[in-house]
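Shared between the two complexes below is chain A, which has chain B as its partner in the first and chain C in the second.
And then the complex of A and B:
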């Protein structure tokens, strides 16, 4: 039975309280402010008058398409590269260097990737301002995160499982696919979801690769320009006089839910 | 006593990790259907020598081996030897029980499934036979689909033995299989080893000299990577020829 906490323990408990309370308060505050603005029409209708009335359907659909395109690239490439790094790459200086590089790349500000995406996908490859350019840019931004998460998850699987598998006559690939990967699955998924949620909330990357502020129709192909939630929020909140306040709050309210 | 034919024969085996010479010029022949114990202090190269027999050392960076390791008169380090086939023939049980995070059934069926066996009926038979051989069937037959982790340490180790047996090995390597277990569980493993040698050749690394004396037919004493003495277990423990062996088994060393 614990009688009382020592001073350092109380301090740590206090930090836990803050760490839980502050983000929770922020989310709650947004929901309360958003309540007035959210309606079925807001979610399912086309925007009118630069979004001052009407709904945000194209922004929701645009963001979903964006995530779909990003996932299509980042999941196979990122998970594959992570598996290779963790299970098959020789343990030498080059591999170590590569791993360090990936961790650093994960910290590069998204606007830098955005700029690259604009120069490479939009201009050089001629994809133009489109869902394709933006999805690929977001995929590049999130790749280091997914590779690192996959690698970490596989490193967490005990060596003894692999040894047991190999000793039973498994090839290295079989040991990975039948034992290591199933054990690491939840870690890989969590990492991928975190990366995708970062992609979903990113404004800088899509700002210059294909997002439009006001486009009252749904994207028809990956070559279309599109609306997206974070960019719509950014413009609505900062660049648009006359935007009803509850509509602004409703946007992150929808993003959060 | 009729000598069994030799199942494993090592000729001048040396193993290096980088510049480290871990096993030095070991030559020894292990008889079929017997239990051979490898004893020696920590760091004497026992496990390394054991793991060379199913080529588990291949996965260690900088490992180099010289000499000949013959199983059934075939050099397992010759070019063109299929390591996967070798490991089906030479099974291994590790120091700590390491069942997969799968059900008891799936643990035992794992090896046969790797080989492409899909028939439920055949798998059922293999699983039951392997668990019976490992003296675990009666304890788990009603809960084959619970996780292997739900078993006690001793049961987990017998599950790992059943898992190895399911592949149909001819040689079973055991790397201190009872060192993480309590005395009762250890006794069960030892009983089991005596049953297994009817059909298999068993090589066991052990720190526990009583265990070596109780179960093994032959004993090899390793010191600093060298094979100091190899003989019938009774002789090693009653009339060792080498002073170092005598010192070790009488507890003056290690």
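And then the complex of A and C:
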């Protein structure tokens, strides 16, 4: 069936077009401007002269380490909590409180997570400004995303699947781990990737908990300070006059991809 | 109970524990400041002077800045976002909507620092030229960038609310001879009202909490802005800019946590209202 639209309806479609165009144009513009600054040397070399020449390897590696650390923490806790909420949580006031906590945790601004991470991990626990502090902070920030994705994915698995498994003599845990969870895999994966993309792009948290601007060596352990792509972009764009323009433009290109 | 089940239970309660811990920990760091503070000048005063003696910490300017930029983002973003959601949910064929939705979801992944960078290099110079200002780094530019940033939240939630309206409502309206335009605005949108309000509130929460964009684009002047066309510093930017420079347990350190607590309280309230709007709707239906 062909759709036909009246004039005011076309106006609505126009607003949709505009809303889609703005972010897409932004991304396209960045990639075009970035093309001039990207080279193999830029990706694989150490920065020299506070990053004005040389490459951004430590920032790339730093971001990868951050993601690794974040995943290590957020995946077991987030998926575990999601399984609990979807499969085992009794319908009582405590569970209701837990759900409310989850909603509110999702709404906390990242800079408040940063404040918490700074006071708790960096200062109180004495982890210092380090990969460890930043990864833990990012893990807490992304936790609600993973929990919600896991819970929703498990809710999407029909109850009859579990009942069939129970009827065959499986325990409740076996029904969940061998039947429901594998069915929910793709949902859990999507949620985790979403969480990681947020962790990779976040700047406010790591700026408070341990990112360094210029550190021309790779992090050696989770206790080292580190460079990271988004923070590098922030500093290059705001605090460094004389930074070659095409070198800055190349950065968001990586942040986006 | 097998040990695996115990483990996931522990994981579940970790979420609860963490939320409480964040609030309590930030509050504990802010407490020494509030204990010294005898009046409300923290909220009503205009002077943030961390290095003078004695130092003064008053956050009215930052609160007003946050309010101005958030309002701007919502006023510009809402019409765009809600009308887009109506197009997606009611006008376009299903297959097209599904594709466009995934495009919106992709734009969620653009980091805020990238938006900030675009604001700094593209939007701010543009705003300076159009309005003939000395600097484009103003609340206006930041609000403009934020209005694009809140679009994915707004569109996906409003779209979801519109699609949740039972098909029968629209069919009944058509059966009475209403046009599609009438059906959309007299039946479907009013029925989805609470979901749309919740979407706006959640987008507002996002705009208030946004840090990097406003830190880079809003200009950073510390006093209360007279208009949105002046440089300003919202409360998120204040925290991000100063916390690592403040000596631990200095007055400035505690004052920044106090500001963080205020920010936490504001976003908490906005999100709680949004949740209440949704739950209230479910209760009534």
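Here is the rule we use: the second predicted complex is superposed on the first by the 238 of 257 C-alpha atoms of A that agree within 3 Å, B and C clash if a C-alpha of one lies under 4 Å from a C-alpha of the other, contacts with A are read in each partner's own complex, and residues count from 1 in each chain.
The rule we apply is simple: contacts are C-beta pairs under 8 Å (C-beta built on N, C-alpha and C of every residue); 3 or more make two chains touch, one makes a residue touch a chain.
Because the structure is a prediction, the values reported are computed rather than measured.
In the overlay built on the shared chain, the residue A:234 is in contact with chain C alone; chain B does not reach it. Applying the stated contact rule after C-alpha superposition, one finds that A:163 touches chain B and leaves chain C untouched. After overlaying the two complexes on the shared chain, residue contacts for A:140 are found with chain C alone; chain B is out of touch. Of the two partner chains placed around the shared chain by superposition, chain C is the only one that A:119 touches, whereas chain B remains out of contact.
When the two structures are aligned on the shared chain, A:171 is found in touch with chain B and with chain C. Touched residues of chain A, counted separately for chain B and chain C, are more numerous for C. Where the contact sets of chain A with chain B and with chain C meet, they give residues 171.
Chain A meets chain B in the complex at residues 90-91, 158, 160-161, 163-171, 174, 178-179, 183. Remark: chain B residues 54, 56, 59, 61, 84-85, 87-88, 91-92, 94, 96, 98-101, 110-111, 114-115, 160, 163-164, 167 touch chain A in the complex.
Within the complex, the chain C residues that touch chain A are 2, 4-5, 7-16, 18-22, 25-26, 29, 79-81, 83-84, 86-88, 91-93, 100, 103-104, 107-118, 120-122, 148, 151-152, 155, 179-181, 202, 205, 208-212, 215-216, 236, 239-240, 243-244, 248, 256-257, 260, 263-264, 267-268, 270-272, 275.
Contact residues of chain A toward chain C in the complex are 3, 5-6, 8-9, 12-13, 15-16, 18-20, 22-24, 26-27, 29-30, 76-81, 83-85, 87-89, 97-98, 100-116, 118-120, 123, 140, 143-144, 147, 171-173, 177, 194, 197-198, 200-204, 207-208, 230-231, 233-234, 237-238, 248, 251-252, 255-256.
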